[in-house]
Amino acid sequence: MSDARFFRRSGPFPLAEVAAAVGGTLADGMDGERLIEDVAPLDGAGANDLSFLDNRKYIGAYEASKAGFCLVIQEFAERAPAGMAAVVCEAPYLAFALAARMFYPPAAPAPWISPDARIADSAVLGEGCRVEAFVVIGPGASIGARCHIESGASLGEGIVLGDDCRVGAGATLLCCLLGSRVSVDPGARVGTQGFGFAVGPRGPVRIPHTGRVVIEDDVEIGANTTIDRGTTGDTFIGRGTMIDNQVQIAHNVQIGRGCILAGQAGLAGSSQMGDYAMIGGKSGLANHVKLGKGARVGAQSGVADDLAEGGTYLGAPAIPIKDFWRQQVALRRLVRRGKGA
Amino acid sequence: MSDARFFRRSGPFPLAEVAAAVGGTLADGMDGERLIEDVAPLDGAGANDLSFLDNRKYIGAYEASKAGFCLVIQEFAERAPAGMAAVVCEAPYLAFALAARMFYPPAAPAPWISPDARIADSAVLGEGCRVEAFVVIGPGASIGARCHIESGASLGEGIVLGDDCRVGAGATLLCCLLGSRVSVDPGARVGTQGFGFAVGPRGPVRIPHTGRVVIEDDVEIGANTTIDRGTTGDTFIGRGTMIDNQVQIAHNVQIGRGCILAGQAGLAGSSQMGDYAMIGGKSGLANHVKLGKGARVGAQSGVADDLAEGGTYLGAPAIPIKDFWRQQVALRRLVRRGKGA
Amino acid sequence: MSDARFFRRSGPFPLAEVAAAVGGTLADGMDGERLIEDVAPLDGAGANDLSFLDNRKYIGAYEASKAGFCLVIQEFAERAPAGMAAVVCEAPYLAFALAARMFYPPAAPAPWISPDARIADSAVLGEGCRVEAFVVIGPGASIGARCHIESGASLGEGIVLGDDCRVGAGATLLCCLLGSRVSVDPGARVGTQGFGFAVGPRGPVRIPHTGRVVIEDDVEIGANTTIDRGTTGDTFIGRGTMIDNQVQIAHNVQIGRGCILAGQAGLAGSSQMGDYAMIGGKSGLANHVKLGKGARVGAQSGVADDLAEGGTYLGAPAIPIKDFWRQQVALRRLVRRGKGA
């Protein structure tokens, strides 16, 4: 059960309605009228809660769960404990996400302009925005409708936000154009100057960064993530890309649509990710390298050269994942042989 | 000598009093009445300062030091330079920590509610709190006694803090319950939404994060560290755990008591650390893996599978440390052989 | 062309004047009177823009570029497309940096003290400072001339800034002395307490951190970077050192002059970098190790022991780069052999 201090719940909804909405199938004899009150994890769920099983590792928790309802694949349905209605679906986690959005639908912010916000006269705000205390919005900024700017955020001169964006507490936006429904978590820095200087005879010469950051619709940016603007030209992030916390994106990086960047990943200057590419936690792309469309790079890897479309890679330097594991096996064998000799 | 612009010192204290408090032994003939004025590093200490030697690497600095007093183990006492009173103890760094706390005792903050803080009417603050300028505290928040909320921090609706907590400048607390004596350094983000979405046919579907972050007493959280709340259920951090700067802790992570997480470590979703486990700088735990009680993982390692209690591990993937170094030796031998052939 | 919402441009300047300023040579027959209006990347430049080619990878973009002017080395000059004046120089990127500074010269901030800043009576500010809204400056702080303190930054009691410093939005400065022309990007934390505690029988004992951070002239500090103060003694950063985003610098670290630290690098407690040393993205130095003067460490490396001056190192643990690549080759051969057997 979610904590009422933090969350407001919709519902309850009848089982049949939830199952229909998420693409789940009721078994014969299940009572579609039973009401579901909330979503919950396997080990915290009660008789009126809906849970899910998506990882073989948690079958024990599933069999011990007191959840009244659970989304599972066919294979596990018969192992449901007594009292649980096991709702079969193809992708339990996706179904759970859809169900959770019924109980906790995203809501537009309550419109309000705090008297403690400092908004330049020449800035333009759309209908229904919420701008909290200690926010600063610079001259010429253009903010779309229903945007929520949380306390202490700083939006620089001339920046553009589409509709329904959220900017978290204390975040900074500079020299950037954002689409609609972009979410920026607290403490993220977008549009800061890049780490660009040329090494001259009397030390480094900083190059002015006169580019921008351009972010398309439906992008999410995690807490304390940093995204530098282009040196000249733009740093670009395509539609629907998801970026976790503490990711570093350097000047002139080009990220396609629907990409996923896990926590603490880092993309060096002018590196590229093709559409739907994924990069694991703590992994990095070197300067100027390109990760192909749909390619996947595992955690803590380092991409030192261009990697082909659709492949899966691991290691530093990153190589095809099969080769990585073969190397690990060979190393282990080598050690055993060394000990035997 | 500490800089009086930044720190206020107690004392001086007689040598005998300090030695007694930290478990040190005076050698025959030492004058227990001599006054110690401050603590200082070996290379900066003067005749009235107490220093310590805890790392063989610094014996040169020790022998050259002008410190009047030094905490050392028995073995090094006789190498003390002329004029230095070498105070023998078993654990010099621990003894030094205790001594330093005599000279710089933690003090309660000077109570004050800045007129520039924005505190919701329904928020409750305990006795003796200090709330600085540009702080925002949301409706229903509950803050214990003697808490110090530094400038620009943002505390969301319904959050709970125990007594004697400190929240650093510009930090963000959302959807979280904190115990007493919890310290949150500047720029940390606690309770942000997790990186959780299910991949559907039309792209990722964000899952509402309706869990919390629960932090027990005496936990320290470093600067710019990020801790996401649970998807459903809680992200949990046990009593006395120490977390360094720029650590990333994802949704539903479970950390036991007395754990240590060094800088830039990262714990992926639903990973676990048993009590008193340690993880080195830049190391990571993959989704759902468990690091056993008291296990230690070296720097820049990647824990890809559950690791047993009490072991010491290194590498990516992390393996027992002896195996890691054997592999390094085998690799070096392999290269030499390759060159010889 | 830079976006006028964000940047103000100087110029135009005649080709001959730019070439002279950056050390470029005009080919016979080039018209030195032609006006250059802006700097731009190869793929975005037009007939009045100056671009550069510094990486073989972009020769295709160079040959297809519509740039009217381009800085190149001799070798590539003859491959310039029709209509482009190829200006030959020895170091095109350095030349481009110098040219870009003609079009976008660094400007002093417009002096202003926001009525929404909270500046202690005993703080001293030099001439021509700009202090934006929601900034807090503590008692006894000393700020030089023409400093620019962006919105929401927090400058603690007693801190010292030289002339012409910039402190980014939401950054925090504590217990530190900064030279002149130091640039601190948004969200950086300087002078926070270190991750220092001694492990005692009843758990960790926090050691008071009574040291400082001392930063010399012309240092740059990236967004969301964290720099802890010394335990006792100082954390030190030498003149002209460049630090990227999300770098972690622990207590008592000593960094020489002209060093370069790329994004997400991490320096553990008391580690050292000699003058002009470089450390790649995501790389780390272990506690107490020293990286020699002018040494270079590649990305995602881990320096576990002292490394000699002037060398180039890679890997975790970091070894001479040639050895690293030899190991990679040997590993690949080992796998092939294993498959053949």
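General observations
Chains here go by letter, A, B and C, matching the order in which they are written, and residues are numbered from 1 within each.
We adopt the following convention: a residue touches a chain if its C-beta (ideal position, glycine included) is under 8 Å from a C-beta of that chain, and two chains touch if they have at least 3 such contacts.
It should be emphasised that the depicted structure is a prediction, and the values quoted were computed from it without experimental measurement.
Subunit A and subunit B touch with mostly distinct residues; of the residue numbers seen at this interface, under half occur in both copies. A rotation of 120 degrees, rounded to the nearest 5, superposes the Cα atoms of subunit B on subunit C. For the pair subunit A and subunit B, the distance between C-alpha centroids works out to 27 Å.
Multi-chain contact residues of subunit C, defined as those touching 2 or more other chains: 134, 152, 170, 187, 224, 246, 264, 282, 300, 316, 331, 334. On the side of subunit C, the complex with subunit B involves touching residues 118, 134, 136, 140, 152, 154, 156-160, 170, 172, 174-175, 187, 189, 192-193, 195-200, 203-208, 210-212, 224, 226, 228, 230-233, 246, 248, 250, 252, 264, 266, 268, 282, 284, 286, 288, 300, 302, 304, 316-317, 323, 326-327, 329-331, 333-334. Interface residues of subunit A, counted against subunit B in their complex, comprise 2-3, 5-7, 39-41, 43-44, 55, 57, 91, 93-98, 100-101, 103-104, 106, 114, 116, 132-134, 150-152, 168-170, 185-187, 218, 220, 222-224, 240, 242, 244-246, 258, 260, 262-264, 281-282, 299-300, 316, 328, 331-332, 334-335, 338-339.
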